[in-house]
């Protein structure tokens, strides 16, 4: 161990995602395993400013791997956007003797981390945790697989009703400006189509669906829609169908916040555990300003800049799999 | 066996409810067990008019006990509201030699069944299947326990996010004009309150909650709301809070149609099986115009008139249990 | 409030059951709501002797309603079986000023509670928590509904394999000497039969099944078996079939301890909440030496003696429902 | 489309795995989408010999994506091991005009497929479906992710009891001679260790665990064990602990056949859909004697010989993640 990092602060930031607790557990234990002192920081960067910091032992993270949400809680911090706020945060780190940080969160959290790291020359490693899977440099993010399964379970229930009543359902899912959740849960739930921002921006997806008569051979249909200004959302799409095609018995469901919670899936727990161990490994190797990514099933170090750069591409293969398997 | 009923038609009608398939299975097999011929009628009373009728054998209902929805499907029928429509329905019964009917559904379905039974002197037995638990003469209805657990599972997920972010959630659930689902799922999910029609009509429940400061000792809160004109629904309530108390971080989730689907719980499968066996038993005893009820854990025959009469009372005990256990 | 009971100790004892945490939560909050001081006692009667006692506030029981197991843990205590042990337990109660106890557990726990209550004239109220549903004076016990659903979920999975391979499965479930779990989960999972102690003692259930050729019209079968000396258990039954009928492709699964855990169902959480509120109510009414029961959906006070007296009867109706619905 | 393959027979063979139905659905629809005729063959190679063959339309595979098991059923066929048997199978293919096969199954199924393909010069494409994840040339197999989650769910339940009683649990899982399920579900469930064939063959894993005192800082422990002659199985390991360390309160659970069933996870449904589309694509490209694999998230064609060659290596990284995260 040639690093002189002796301690690490751990925080979760931004929207919560299932698997954050598994990540906190792995980082804490990997730190202790490597002889470091671990600190839990509550309410994200806000708690770093307001001094909500506590030393974490092995037992502090017992029996949390299966819990959704985050035991460290999460909050917005307007103060952290100011130089004064970040100075206070840095002063608290010095007060506790915290050498480094592991920041678990999404896009915005890593952006904040990058600014802070540069300003005070602090070694910070990020872990991608967001159900939207909208970070670059990693094939998947902590929480994405759980959200996918949560949506699929909801769709399995809705299918029971759709089939029994022979209805057309528009179901709105999260994803910010990314169609991953909508496209992949459409395949997984045997839905007819996914209306996603990446495609909506180019062409009238609903128009095409209507032209094809939804599904000629089928009496019920389910269409997934990404919550987004680009797609218009499920309610607007449903209104358009009702107006143009009053013969359809149309229903809308907006899944909402239940997509964020729940016990994490095996994939998310394993991913969080791998990434947590790797985050401490990265600090030990004097890495900084990197996000832990997973690419082709191997751990990667992704510079913050690249991670938060721009939208990931939607896979042409997956679009075709949906098209073919829903005929 | 002193009845001269030799055959029975089975149909599901109205909104689908989990356990309808378990009910179809039990009625079919109990009929065959008692030497009767069983017919599945598709799409409710509509299929009786349009002749979508099929003989059901023991194997026709194999491997369906665990499925949500209804394999017989369900539909509205405007034609059945006319004398001509009902005459066609009756003619089809005679064509197949169907002596009697078992109608699985809610309020509206039993009302239709009662009219039809009187008009043509047909032995009809009803089975209460609705997630709303809004039928009289039965402690519970097929589908209610499953819906309760579905809502509770969703609340468990939402709690993860509510706790992590320290938010106030209004979650809207089904129930028509009945607060059963909202009240009981509030108790089951450890929510703070249930805003239900039976109480809202008398007093300003939200006003009281606001006055109490929601939960003084708590940083997050969840409030269940019955979808109803009387309560105003979750969105309106949330808007009122946001306006009067901008310091609260308020969110709304409307659970929607996923509450109707899903594999039925043990209670619903057992209830449907008991009631299905009892429905055939009732026909064998020359009962007619009765709904099978469950009261104090015993099977009851409830005259249609009483079953559909008026709203069930909300239990004072349950209101108190919620009040006490959520302090 | 005319009782002079000012404080209550809460403990869980015996085998753990899902819903125990919901019970602890409700008792704690109902006590505080009624102006009493609440104490959590760890590891059952053992912790009362070894002084593992802690005051519980409203927040001590936050966010536990959904957790399986018991946060108070449970343990055997040989020392509590001795007069000296019980004297120490009593001394600790006096030390903390604990006036009364709520004991959450099964048969053995209530037996111990009765002895202790009589010896030192302590007001003790019991709450029935056991997955076996083997206590008298209550229609159901905390944990039973969850175990029923856990078994049913496992059976739904096993059915997938049984159907795909056309096999005969013997599945062994818990229940001590009670067939409730086996019989009711057989109905709920669409199994062919339940081999249970109450019947096995009188006749050769397997012999009858073999004679009927299991299910003539069916290619796969599932038989539930209560773990018990009387039934012989699943392995012995399977061996007998393999020997006498080598043409059957027989498999055995013993569900084991996973039946005890898991997040409680809505019914169990509601039941535990009702009973917890009622337990404090009973103490306020100067009841003692009673178990809270639920009978015909109303709360009952059941003298300890009656609760632990003898086995509950298996319902003839349920046996017939299984027989008919599995043809 | 330059292939002259006009039709395809689809069969599932060997142990059933969740996602087989999603695979059948995708192959059927991709075939029809590409203008081919699709045939469902029941009971694997056996049904090809006994002529249990049926044309499949788009609707034949509706509403099955969420079902565990296989609607095509699966069976052993001793006759297919003989030249005469395979000749009959081939004759039936010619009778129906079936040009090619898609075989969905594990190790043994692909071995049989390879022999048959070579003998009669038939284009056969394999799809890896087994919960054991023991095929080469593919990062994962259809069914593996579901089994992982099923085991994890069971472990979450067992943890409730282990923690409440402070016990040591040995839990035996499937895997044939592969430790994937045990190792990865140990990480996912927060277990202390995984005793797996790949390591057991080299050293005394239990001995090491005992020497470390299981987990010094912990009162309960869970150890996953692969069902295998090499590990000895959970019962033998538990007996050894009880003998040498009678102070431990040891319990054993053997998960058994419930690991094979259940509704498939999102990953397994998506994987099966991708592979199903790819299998037809491969036939269109005149591929034969290949298994569809997934490697670094891209579809691969893997020669049968390589797929069934030898055991896959266990990842050193995953062993370390388990070691570190369970301190």
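Every chain is named by a letter (A, B, C and D) in the order it is written, and numbering of its residues begins at 1.
As a convention for this text, a contact is a pair of C-beta atoms (placed from the backbone, for glycine too) under 8 Å apart; a residue touches a chain by one contact, two chains touch by 3 or more.
Only a predicted model underlies this, so the values are computations on that prediction, with no experimental measurement involved.
Trainee: Measuring centre to centre with CA averages, how many angstrom lie between chain C and chain D?
Mentor: 36
Trainee: Could you put a whole-Å number on the gap between the CA centroids of chain A and chain C?
Mentor: 39
Trainee: Could you pull out the residues of chain B that touch at least 2 other chains?
Mentor: Where chain B meets two or more other chains at a single residue, that happens at 156, 159, 163.
Trainee: Line, ring, star, complete or other: which describes how these chains touch one another?
Mentor: Contact pattern: a closed ring, each chain touching exactly two others.
Trainee: Report the complete set of touching chain pairs.
Mentor: Those chain pairs satisfying the definition are A-B, A-D, B-C, C-D.
Trainee: Show me the residue ranges of chain B that touch chain A in the complex, using the header's touch definition.
Mentor: 12, 16, 18, 20, 67-70, 73-75, 150, 154, 156-161, 163-166, 169, 251-262
Trainee: Would you mind writing out the residues of chain C in touch with chain B in their complex?
Mentor: Against chain B, chain C makes touches at 25-26, 29-30, 32-33, 58-59, 62-63, 65-66, 139, 145, 148-149, 152, 156, 159, 163, 184-185, 187-190, 217-218, 263, 265-267, 269-270, 273-274, 276-277, 296-297, 299, 317-318, 320-321, 324-327.
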